[in-house]
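Both of the next two complexes hold chain A, though its partner changes from chain B to chain C.
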Partner chain A sequence: MTTPGSRRTLVARRLLGALPLLLGVTLVSFTLTVHFGPDQAWELLGRNPTPEQVEQVQRQLGQDRPFLMRYGEFLQRLTRLELGHSQASGESVTGLLARTVPVSLLALAPGFVLGIALALALALAAAWRPGGRIDRLCRGLSSLGMSLSVVITVIALQAIFGVWLDWFPVRGWAVDNAASYLAHVAVPTMAMVAANLGYNLRFFRAVLVATINEPPARTALAYGLPKSRILTRYVLRAALLPILTRVVFSVPLILISGSLVIESHLGIPGAGRITFDAVTSGDQPVLMAVVSLSAVLFVVALTAADLLARLVDPRIRAA
Partner chain B sequence: MPPARLPWLLALTLLLAACQQSEPEPLKVYRHAIDGIPASLDPAHADDVYAATLVTNLYDTLYRYKYLARPYELTPSLADGFPEVSEDGLTYRIRLRDDARFADDEAFPGGVGRPVRATDVVYSLKRHFLPDTRSRGDWLWRDRIVGLDEGTRLSDPDAPVEGLQVEDPLTVKIRLRRPYPQFTHTLAMALSAIVAREAVEHYGRSFGVNPVGSGPFVLARFDESRAVLEPNEHFRRGVIDLDAEGYDPARHDRFGLARIDGLTFPLLDRLEVHFIPEPTTRWTSFTASSGVDVVMVPPELSERVLAERDPIRLRPEIASRYRSWHGPEAGFVFHGFNMDNPEIGHHPDPGRAARNRALRCALRDAFDWQARNRAFYHGLGQIFPGAIPPILPAYDPDADADSISHSPRRARARLAEAGWQTDNLPRLVYGLESSVHQRQMFEQFRAWAQAIGFPASRLEARAYASFGEYARALGTRQVDLFLLGWTLAYPDAQYSLQLFYGPNAAPGANSFNYANPTFDQLFEQASSLPAGPRRTRLYRQLNRIVIEDCVIIGSLARTRLFLWKPHVLMLPDRDMVGGHFLRFVDIADQGG
Partner chain C sequence: MKAPATTHKLTAGGLRAPLAVIAVYLVAAAGVWLGWWGTDWSGIQASGRQPPSPEHWLGTNLLGQDIFSRLLAGTATAFEVGLLVSVPATLLGALVGAFAGYFPQRWPDAVLMWLTGTLDAIPFYLFVIALSYAMRDHPAAMQLAMIMTFWTLTARIVRAETLRIRQLGFVAAARVSGLGSWQIIRRHVVPHTVHILLVQAAILFVAAIKAEVLLSFLGLGLQDGVSWGIMLAEASQEILAGHYGNFVAASAALLLLVLAINRMTDELQRSADPRSRGSADPAARHEATRA
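Showing the complex of A and B:
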């Protein structure tokens, strides 16, 4: 049985374990951005720089100092939660994240949740009668969803709902109130559902089909329990562990990296967009902040997944 | 009521309530679209069209280009008249308007903007030489203004600079080291926009996202998707005088511009600038009713809008729905050789130098500009010899076109005559930005080179992940052949010919690393002459020198084709005028 004490121990263990993970992730990222990433000094120079100016900007970016010293300084600042300023715009990285992460969340979370709910509902129906009409439809849908490029899907949605039907804005994020939010979130939601439905449906179906063939579900079936009860009480509950793990681990991706393609094509000023810009331009403060925050969020997700697993699965609680 | 219906009912109520709460749209909103995202709105960083489009509307420059006059003509903006220039061309006295004020901002005492003064002009120019500014435009004035010599770095904005003097609160006197007729043009560039020292110091590093200027608009919102600008209530520039802006009924009547004559700036209640790098999305947004109001048609989408290319004629369904304008860009694209590599460029041995020149000329002869234009610019580019594009007054329509004619036979003859054979041809590195488009351009070039006997294995493509990386490769002389575009910041051939000026060698603008004392001497001579036939002759001579030396393979000026919705009254421009035209944009009444 899970007690508050054991939960605290688990959280403490996870947080301790997060330190080497954070160090490892930041060290690898720092090494990659310093030695293999774009040299931002050249992005910041004008059209006709002198060699002295090149050196000066390189000095200002700290490129003249030893790697370990730079990494050490970065860690020091990170412990003080000083994320610095974007080298390109001068905006504080904290402000940048505070501005963009909520936008990603607001724009993509509805599609994320709806996509999972839809995939789960379809997967349950498909798993109940493998090879049946719904299952065949689901297999077709998942193949289509996985093979269709997100770019094509987004362009098609823009053309249908933005131009042809003229229901929703083609792009942008001019959200001032609930009505404008609903109008602007519609196409990203459809795009998110379309982008993830195929993968989720295939995964959920496979898990549910395996669970439905296990003794508890088969026994419930033999007892003649209603279909809805078997699916929700015996099948879904038993399959919840891998499903939850998949869902919880997707959350940091939505929060931090957003969905680059969806954000880019739909003009959503979210975290994915700034991450992409930072990667291509070599804006190290932004990039390292995103990497560090992602690592922290993954640790949180890992802990949350463990706690939820204990909550839903008595076997883990007993262990 | 069944409980299951309750959430739906709540959601519907919320939606209806939200719809009722939505504010009415302002009367006149114009949604502009550009194909890139400005990183910073600090004028000292505004050397690209994306930042300049916003900076010229949030800040004001001493001068600007007339809205409609072509060729481009300067006109005062923040300055009260043209500068008084001394006879020797070295002293400029510029008087400011007395009604110009900075927009209200918390950077000022009480949050109220103060008048723009001569000290602001001096500070704005000095600021480019403060290391913390990381100016991208100091090169325009470096070694030009007395006291701002090569290598000058100011440590304090209060440090006196001999060539920058405040005569009285509204007059600034600038002393140059040598005549610089292009100087007034540099004061029309976004880089020269006037900033307030209080704002720069108040916002510190975040000044780039907190603009405080004296332009026609103030920033209401700015993110990676769009910028929203609203009128600056302190912006007073009298009424619009269309005749003074170069209005010509024969050319401009069809754009409905006559109705803005006599109105006051700015004409919009809100200006939105949307950043849409993806061409398809830009087009989709334009065709949607709530999308952007203007599109610069990307070449790859020209099929959708053009019925004919030469002369350009729109499809009837497009012509009936939108207003349009097309013209050549103020710039060009070209290929160049790295003359610093003795394998293909300058060589101390005159014999080898001559052989290298023959090789460069052969590769240029192999280049098929017509095919390049058809394949990558949809036949809409204008091909011209050298580096003086058709938009410039110094362009020579009668110039010898040999350097842009495709002649594999002549190329092979040149190679044979210079003793180049398959086994002694050098290995060359062709630099490109990592994209399918540029890779295809390389393959096309390599095929032409192969056709004249240059082995494919000797031409190696080296791709760079971003423009910054590509700039570094050029700046550190790592590539032998390169493709570049050059956009003119002012309408003077000096701006394009400086690409070959020796002291500008890499990491400067002279990516060719061309070093020719004769060229440099003539360039310096031409650069200090006022506009006129003598200067034009010199510019053309300089152009012929680089053509003769086979330093450049080029060039091609792309055609800008704009479409915009009929209720928008404007003539768009993204070149010299850049964002300045936005203060003239008006929206017709319903059905207007």
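Showing the complex of A and C:
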């Protein structure tokens, strides 16, 4: 069962299984942003065009062709990463994303990772002694964290650290060295941790408590293995699939909504900011690229997490 | 049908406090619907940024509108959005889930599960933004977009439950007595998932309120009217000048309501699902809170 051949079939089967999902997300992205989205013909024409002019431009853009043909062409362009040019600035969308996505990652990824790491550490401590002091603290933290909106935390953090204490810059992204980076990343990091922690803590704790009560961890405990070894070798590893899936699922929920709110509120020129600008100005190529690429990336990440967990987990590998 | 066995324990236990809080909010919202209070939320009543006073209990905002009236009207808006989204989305999820689970491994199941997976894979806020754009002339575009994406988790859970229910004796009895599949799903399957649907409706209610706040804060949500999200958007400007009234009012109202409903959901879940009793909560809340 664990020969390399069966492993290869497993990978191939999972990759094939992701295809219908990929077709689904690109179909929805195309329908929403290109088919029903902002009409490029009107953007390209001047004021008060005649119906003939509109028709001519629509024909030039290929909008008079059947739906399926346009969808097929959209898929071709997407696989070749030909994303067109922004209507607002004329910049190529690929260039725009190459410029803004790194800023988003620099600003938000530290908080995202830190939130997961903190949640995992707290959940392990809570699951080790259910009902104990740390567990009760975690319960309070997670219900507070799940009830807070990222909007509230961003405004509050801006007020506390920008206006009241005046410790960190809370608008813009003037980063040129390590010190200015640390100053600018502080508020987004705290906001992301707040958004992330409560959401993950509860789930991690539930999964870890269940895993600790399973025979392998109980047996390890009875053998008198050290706590750290039990938690890493027997508990974390067995709970890897639900935790990884959860983290992948939290990327669109936490990271994308976070980047929309945090970047547009704090004036950070990242991918969330250009998405927001594209929505308010009806910039169809940018909107199309952001929606379809993030959906495709999500499917890829989900498949990768699933594969990774299966490859390390002997129970699933055999199935 | 078998009611959850612990109904009496339910009302006596930890449900009382959250229900009392929710009742206060409901009264506030109902008063707005009946026109008793909170009707004059848009009128400019005083000079801007006044501190709390007997006329204006929470002061006035930048434009001189009464914050307390806006808070009450925002409560009504929150319930409107929450109910308008959570009830249809839960029902849709129940129907899709029951239908898919009743015909497992056949084409309706395959198609519906593909659709569920597809909708789950598109980042929610981007989907809502794109859909609101596609339906930009529709006044309820935001609510429709939420309904179209929020049903998927309910569908997954109801499908799993239906897979179990369809093996039970009374379904077989209904089938041999000549009931059609649709009848069985409607009369015998869906009623047995009510405990799931209540919890799901509460989760979606919270998700809808939080999503509305986020979208309205960005200026992409509610087009006219007032909501906590719109108040927070105003507050984000005022707070830099040291005026906290709007921010404190809207965020406290949102936080307390969401805390109360989350608490109620936990209690309902714990009493409806004996397996989750003791441990915190079933993994079913996976990916539930969308905002």
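Everything that follows uses one rule, which is that the second predicted complex is superposed on the first by the 224 of 319 C-alpha atoms of A that agree within 3 Å, B and C clash if a C-alpha of one lies under 4 Å from a C-alpha of the other, contacts with A are read in each partner's own complex, and residues count from 1 in each chain.
As a convention for this text, a contact is a pair of C-beta atoms (placed from the backbone, for glycine too) under 8 Å apart; a residue touches a chain by one contact, two chains touch by 3 or more.
Since the structure is predicted, the reported quantities are computational estimates derived from the model, not experimental observations.
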{"item": "First (chain B), second (chain C), both or neither touched by A:S143", "value": "second"}
{"item": "Which of chain B and chain C A:P49 touches, first, second, both or neither", "value": "first"}
{"item": "First (chain B), second (chain C), both or neither touched by A:W173", "value": "first"}
{"item": "First (chain B), second (chain C), both or neither touched by A:Y71", "value": "neither"}
{"item": "Chain B versus chain C as contact partner of A:F203, first or second or both or neither", "value": "second"}
{"item": "Contacts of A:P242 with chain B and chain C, given as first, second, both or neither", "value": "second"}
{"item": "Contacts of A:W128 with chain B and chain C, given as first, second, both or neither", "value": "neither"}
{"item": "First, second, both or neither for A:V25, with chain B first and chain C second", "value": "second"}
{"item": "Shared chain A surface residues [contacts with chain B and with chain C]", "value": "38, 155, 158-159, 162-163, 264-265, 280, 282"}
{"item": "Contact set on chain C toward chain A in their complex", "value": "114-115, 117-119, 121-127, 129-131, 133-135, 210, 213-214, 217-220, 229, 232, 235-236, 239-240, 242, 244, 247, 251, 254-255, 258-259, 262-263, 279-283, 285-287, 289-291"}
{"item": "Touching residues on chain A, where the partner in the complex is chain B", "value": "38-54, 56-57, 60, 85, 88-92, 95, 99-100, 103, 155, 158-159, 162-163, 166, 169-174, 176-182, 264-269, 273-274, 277, 280-282"}
{"item": "Residues on chain B engaged by chain A in the complex (per definition of touch)", "value": "14-15, 17-19, 21-23, 37, 39-40, 42, 47, 131, 134-139, 142, 150-151, 153, 204-209, 223-226, 274-278, 280-281, 284-285, 287-291, 465-469, 471-472, 475, 498, 504, 507-509"}
{"item": "Sites on chain A touched by chain C in the complex", "value": "20-21, 24-25, 27-29, 31-33, 36-38, 130, 139, 143-144, 146-152, 155-156, 158-159, 162-163, 199, 202-203, 205-207, 209-210, 242, 245-246, 249, 252-253, 256-257, 260-261, 264-265, 275-276, 279-280, 282, 287, 290-291, 294-295, 298-299, 302"}
